[in-house]
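See the structures that follow.
Next, two complexes with subunit A in common: one pairs it with subunit B, the other with subunit C.
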Partner chain A sequence: MTTTPARASAPPDAESRTTGRRRRSPRTWVRGGGLTTLAFALPMILIFTIFSWWPIVRSVVMSVQETNLIDPPTFVGLDNFIAVLNDPLLGTAVVNTLYFAALALVLGFPIPILMAVLMSEVRRGKGIYSALAYLPVVVPPVVAVLLWKVFYDASPNGVFNTVLGWFGIAPQPWLQSPDMAMPSLVIEATWAAAGGSIIIYLAALLAVPAELYDAAEVDGASIWRKAWHVTLPQLRGVIFVMLILQILATAQIFLEPFLFTGGGPNNATVTVLLLIYRYAFQNSLGGNYGMATALSVMLAVFLALLSWAYFRLTNRWSTS
Partner chain B sequence: MKSLNRRTMVAGVTLAAGALLLTACTSDAEGGDDPTTGSSDSGSTGTLELRVATFPPGADAAAYEAFAAQEAQFEAENPDIDVIGVEYEWTGPTFAVQLAGGSLPDVFTVPFTDSKTLLENGQLMDVTAEVEELGYADSFNPIILDGVQDDDGNIYGFPRQAYAMGLHYNRTLFEEAGLDPDNPPATWEEVREAADAIAEATGKAGYAQMAINNTGGWQLTAQTVARGGRTQTEDGDGTYTSTINNPGTKATLEFLHDVRWEDDAFGFKVDLDWGTINQEFAAGNVGMFTSGSDVYTALVRDFGMDPAQYGLTVMPLEGDDPGTLGGGDIAVVSPTVDDATKAAAVKWIDWYYMQKLLNEDAAVSDAQVLADSGQAVGTPVLPVLSRELYEESLVWIADYVNVPVDQMAPFTDRIWDQTPVGEPKGKTQEIYALLDPIVQAVLTDENADIDALLTQADVDAQALLDQ
Partner chain C sequence: MTTEVSTRASQRAALAATGASAPSGSADARATKRRRRPLVEDSRGIVSDADLRQRRVRWSMRGVHVFLSVTLVLAGLGPILWLAKAAVTPTQDTLRQPFALWPNGIDWENLSTAWNDIHIDQYFFNTIVIAAGAWAFQLLVATTGAYTLSVLRPRYAKVLGSLVLATLFIPSVVLLVPLYLTIVDPPLLGRDFSLLNNYLAVWLPMAANAFNILLVKRFFDNLPREVIEAAKTDGAGPFRLFWSIVLPMSKPILGVVSVFAIIAAWKDFLWPLLVLPDPAVQPLSVRLPAVQSQTELDVFLAALAIATIIPIAMFLIFQRVFLRSAGLGGAVKG
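For the complex of A and B:
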């Protein structure tokens, strides 16, 4: 749900360009300004090494160790992985995460596309609509969750329950019932993230050549046929990237269950990332870093494989 | 060629600048221990720097002024120690990060509920010899000392304050419901009736209970003990047997079920923890709840409760061998310090935390500082040392007591009749976490099968204890 729009513009033909490159000697590389490139890239490489790649390596190492952060860590082989797989809560967490991802797809994926298509049709005040749509993204995520927690107050005086009361609907236990908690989280997450996706789709819509619509109009296509046969096919490259970004983001959902429900009620909103957090901090105060990193590694490998398979499956269709 | 040279020069200069920056970072990190301001002679004259925990972020200036005065006094008595106050608040994640990053204060405090886990993890410094040398080993209340001892009797911290569990109630809501606030409920049945009356008359939650972030398990355990049950037994050989499926725990869950579903007196919030239940209670939205007896300080200072509304009584006890669950916090030494720092740390703990429990001048001085800065003085606690010493200390500080003592009389008059019981020692937090969903299940599902939940919890808890 909290997608990162910057990656949407990755060039699809990077591979084809590298294969055609001829080999260069180190001397030619230096003469060609390679040293300058390296010098400018060095700070970024260092920052990534220290703050991203090194922690990743440390996590992998820690996943086969047991440590209390004082004594030297001991090698325990695959014990941490086995302990994670034997945890009865893991199944619940995986199912909950899949449930969140599915709900987020059903609710959160089509809405931004629909909104973007509708907004692109607006003739006047497009800027205002864009700003309004993007506004939730500007609200800090923690503030947004705490705000929605007030909206979700289960008493008849809660904001949403008051609104429901106007229509004669009984107060709902938004976050207080195992059945309703997850959908409530998804609604907030969709609200919070939709703005970013709408802006990306709007930008992609601008790139659709107007001639295609003109041609469709000449052929007598209705607005829905234009959307189906012109807009969506033109957007599908962006849609595929946004879809995988959303899947990756929902698989790592943490903020909403952590702040809204703490994983409750009755473990109904425990997600994989929340379980990792619990291993590392909540239950044992650092006794289970091994299990936390083991589950992190498992999740990372799963998501990497999923992304690879996804791009393999969709590559041909999205670029055709 | 000219442009190449210029480019190479630019690259060289950038690289050199980068290297310089890195060197600067490294030397800054290495030199971090060497203060450039304040007591700059530290180190050169052999003064030992001792980093001690002070207050949580956001503490007012008066608290820091009071601390500075005490710090100066200690340094005058111990010229070889330079005390450096460090902003500090106990939380599990920050502890782990500070420990891993080497920025943990040399002296800090940990609640009992977490100290047992740290002890199991080998993350506390052994201070047995120091406690014995100071003569405290036999003076501590055994129930409290038990929380900081391992199976071999080694001691890993100085218990500095303790509490018994109590039933907190809102006197205003009692009056609005036609109940007598000076005669609070003495049995769980009376608690249920009072909750029902409050909910009926005011529309507020008559009774509420914590249920998330391990506090659900904590309170379920406390009320189990109050009904004569125990959630685990020590086998004496360092192993434990889970006894979660016991009549006390079952009665507690049935009580919660009835208040929530039959009487509709629980209110709408079943996702409260220590902070949020205090918030709700202080705001006048909750008639009664159970928590540590010392929570008054936080209710008034941090959550803005009107002291006139506050009432405190003992936990109702029933069943065989009931008791009141105790808790508190301990002052500990960082597990990573050297011997010299450890000796200085113990000196500070003795001077700053322990002497006010033993020494009239220290007790009066401490109470005066707290009262002057508007902090609560006289909140009911459990004696860390002996009951006699505690009662004597109340006489010493009588002039500074600023809490509504009369409204706490139902607790202070009867607490000595109750047996304090220590928290379960095996996998304390993990089992509390395991019990949270059971409390939540009963509060969110009218048809929750309590027997099945307890049977499963017993199996899961035993698996944890056997690890």
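For the complex of A and C:
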């Protein structure tokens, strides 16, 4: 950070480009192209200040304020947080979100890994298989949910109930029963997201060095042993990252419960994000922005702590 | 033969490992282009050629093929084909026999009814406007920002870069309410000015995308420095360097960012729902759930089908860019 003239004799690498602007006097700064540089930086600085950095700060500020769009905001301390924690629906929403995350983990997490491993093994048709697997990801999520809502028609002639009928299974109520609503949401969400994960795992599988398999074969490893001792350890890093990303995504699930069930039946699919939305935008008394931001801040802090703990833990596993 | 295969495989591994690696020259770029589908081409997997000589393994591999074809066609293509069929089927047939192929004839009118009577044409146009604007603003911010951070590198580049990167770790839920209030009453523009129902309200927040900047910056970092230095020696200023040297060399990554931008804008639901309350300016994703209750099922399914056509067509045309972008997303996240 020193402004010694010796800097000017630095080798012609990245550093040397800044030597023209070593002195801080405004005139040399302008002459050295400081204004032009600022012109290039400006779109990013402006957009991020107004639409990212400032709202993030404001979110924390608003969580300790009472804000409506007419009066200036007033400081209320932790009232918003207390109001949220006293909301009887919060417990339901947290349990539902955890339930969704758990179901999505059990159902949705192993399937893409298995599919990707199988797809990486076939000698022909990888391109068409990847395209088919990715197709659901391309369908706009709103269309996917609305289409699946038709599939989940509870009448015996509904699409899924017809299929069940072929196997002699009785029609299911799907979205209309509190017990089946959440699993139905998870099945659709898994269908919609699996393709993206498959492509990521596939890319990781293709990056496994061939030498490792060759070496394992020299040692006489069978197919299962190769899969267990070469493929899985090589995928470990990607699996760890995908796992936390999926947990973070399911913790913020909104579209499925909002469009499929609106939180029903009997609040069985109210999630944390749906609750935030209700506080802010579906309130008959006007938006309660304080409670909404208080809950978002709590969720964000929880997710940050969770990811931090997760990365510490997985780091220890990876190095041991 | 075997050595050639293994070197190619390791090259590919290196390519995959570096993720957003830039071509180190135009000849190299052409070579990459000519290579057919780098993501899905054959490479060494678990099952070796020697394994395949066993009959049991060969039969299992055939089983894998059958399993993959059946599941992927059913799960990947099935729902879309059903939607295509239902879009031109009368409501009663869809309700009574969802899997019968047109027992009472094809009803092409569903499509025109959806297009004209429930104004899918207008919402379709709105969606295109939103996607085009989001694309332009994201590209503008991502390229100029990455150019600042990677090539111009002013003193404040490091601080700026880490501030941008930090937003990747903030869950988007935190932004929802304060961002909404920023749109309702933008700072410094007076109390009565509002961006509600203005497309800028969708375009500008989408441009604050740190992931784009990271992707493009990584690509710029890997551009050959000699070319940039040579252009500077020849007297090219920052603008010329940006427009005539850096951007033309960065077409692959610009394609990736474009795909991300357009698809994200096409998919977005909650944000346009909040900031575009006027139905006349809303995109398809917001209008479709809203019109569902007043629309007959067959016409509604036709509307869903129309809303899916453009993304599917884009995917079929730019399949390679899509699949590479999807893999790239993983490489950067990992």
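Keep in mind that, in the parts below, the second predicted complex is superposed on the first by the 269 of 320 C-alpha atoms of A that agree within 3 Å, B and C clash if a C-alpha of one lies under 4 Å from a C-alpha of the other, contacts with A are read in each partner's own complex, and residues count from 1 in each chain.
The rule we apply is simple: a contact is a pair of C-beta atoms (placed from the backbone, for glycine too) under 8 Å apart; a residue touches a chain by one contact, two chains touch by 3 or more.
Note that the structure is predicted; figures quoted are calculated from it, not measured.
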(request) Considering only the touch criterion stated at the top, classify A:266 as touching first (subunit B), second (subunit C), both, or neither. (result) first
(message) I'd like to know which partner A:154 touches here: subunit B for first, subunit C for second, both or neither.
(response) first
(message) Just to be sure I read the superposition right, which of the two partners does A:130 touch: subunit B = first, subunit C = second, or both, or neither?
(response) second
(message) Is A:33 touching anything from subunit B or subunit C once the two structures are fitted on A? First, second, both or neither.
(response) both
(request) Based on the superposed arrangement, let me know which partner A:88 touches: subunit B (first), subunit C (second), both, or neither? (result) first
(message) Taking the superposition on A as described, I'd like to know which of subunit B and subunit C A:102 touches: first, second, both or neither.
(response) neither
(request) Going by the touch definition up top, name the partner, subunit B or subunit C, that contacts more of subunit A. (result) C
(message) Tell me the contact category for A:71 with respect to subunit B and subunit C: first, second, both or neither.
(response) first
(request) Could you look at A:43 and tell me whether it touches subunit B, subunit C, both or neither (first, second, both, neither)? (result) both
(message) After the superposition on A, what does A:114 contact: first (subunit B), second (subunit C), both or neither?
(response) neither
(request) Share the list of subunit A residues that count as touching for subunit B in one structure and for subunit C in the other. (result) 33, 36, 38, 40, 42-43, 69, 155, 158, 280-281, 287, 289
(request) Spell out the part of subunit A that touches subunit B in their complex, as residue ranges. (result) 30-31, 33, 35-36, 38-40, 42-43, 46, 68-71, 88, 153-155, 158, 171, 173, 175-178, 261-267, 278, 280-287, 289
(request) Please give the residue numbers of subunit B that touch subunit A in the complex, ascending. (result) 4, 7-8, 10-12, 14-15, 18, 22, 92-93, 95-96, 99-100, 114, 117-118, 120-123, 211-214, 267-271, 273, 335-336, 429-430, 433, 436-437, 440-441, 443-445, 460
(request) Please give the residue numbers of subunit C that touch subunit A in the complex, ascending. (result) 5-6, 9-10, 12-13, 16-17, 37, 39-48, 50-51, 57, 61, 64-65, 67-69, 71-73, 75-77, 79-80, 82-83, 86, 95-99, 137, 140-141, 144-145, 147-148, 152-156, 160, 163-164, 167, 169-182, 184-187, 204-205, 207-208, 210, 213, 225, 229, 237-239, 242, 263, 266-267, 269-270, 274, 284-286, 288-289, 292, 297, 300-301, 304, 307-308, 311-312, 314-315, 319, 322-323, 326-327, 329-331, 333-334
(request) Under the touch definition given earlier, write down the residues of subunit A that touch subunit C in their complex. (result) 12-14, 17-18, 21, 33-34, 36-38, 40-45, 47-48, 50-56, 58-59, 62, 67, 69, 115, 117-123, 125-127, 129-144, 146-148, 150-151, 155, 157-159, 162, 191, 195-196, 199-211, 213-214, 217, 223, 226-227, 230-231, 237-238, 241-242, 245, 248, 252, 254-255, 258-259, 273, 276-277, 280-281, 287, 289, 292-293, 296-297, 299-300, 303-304, 307
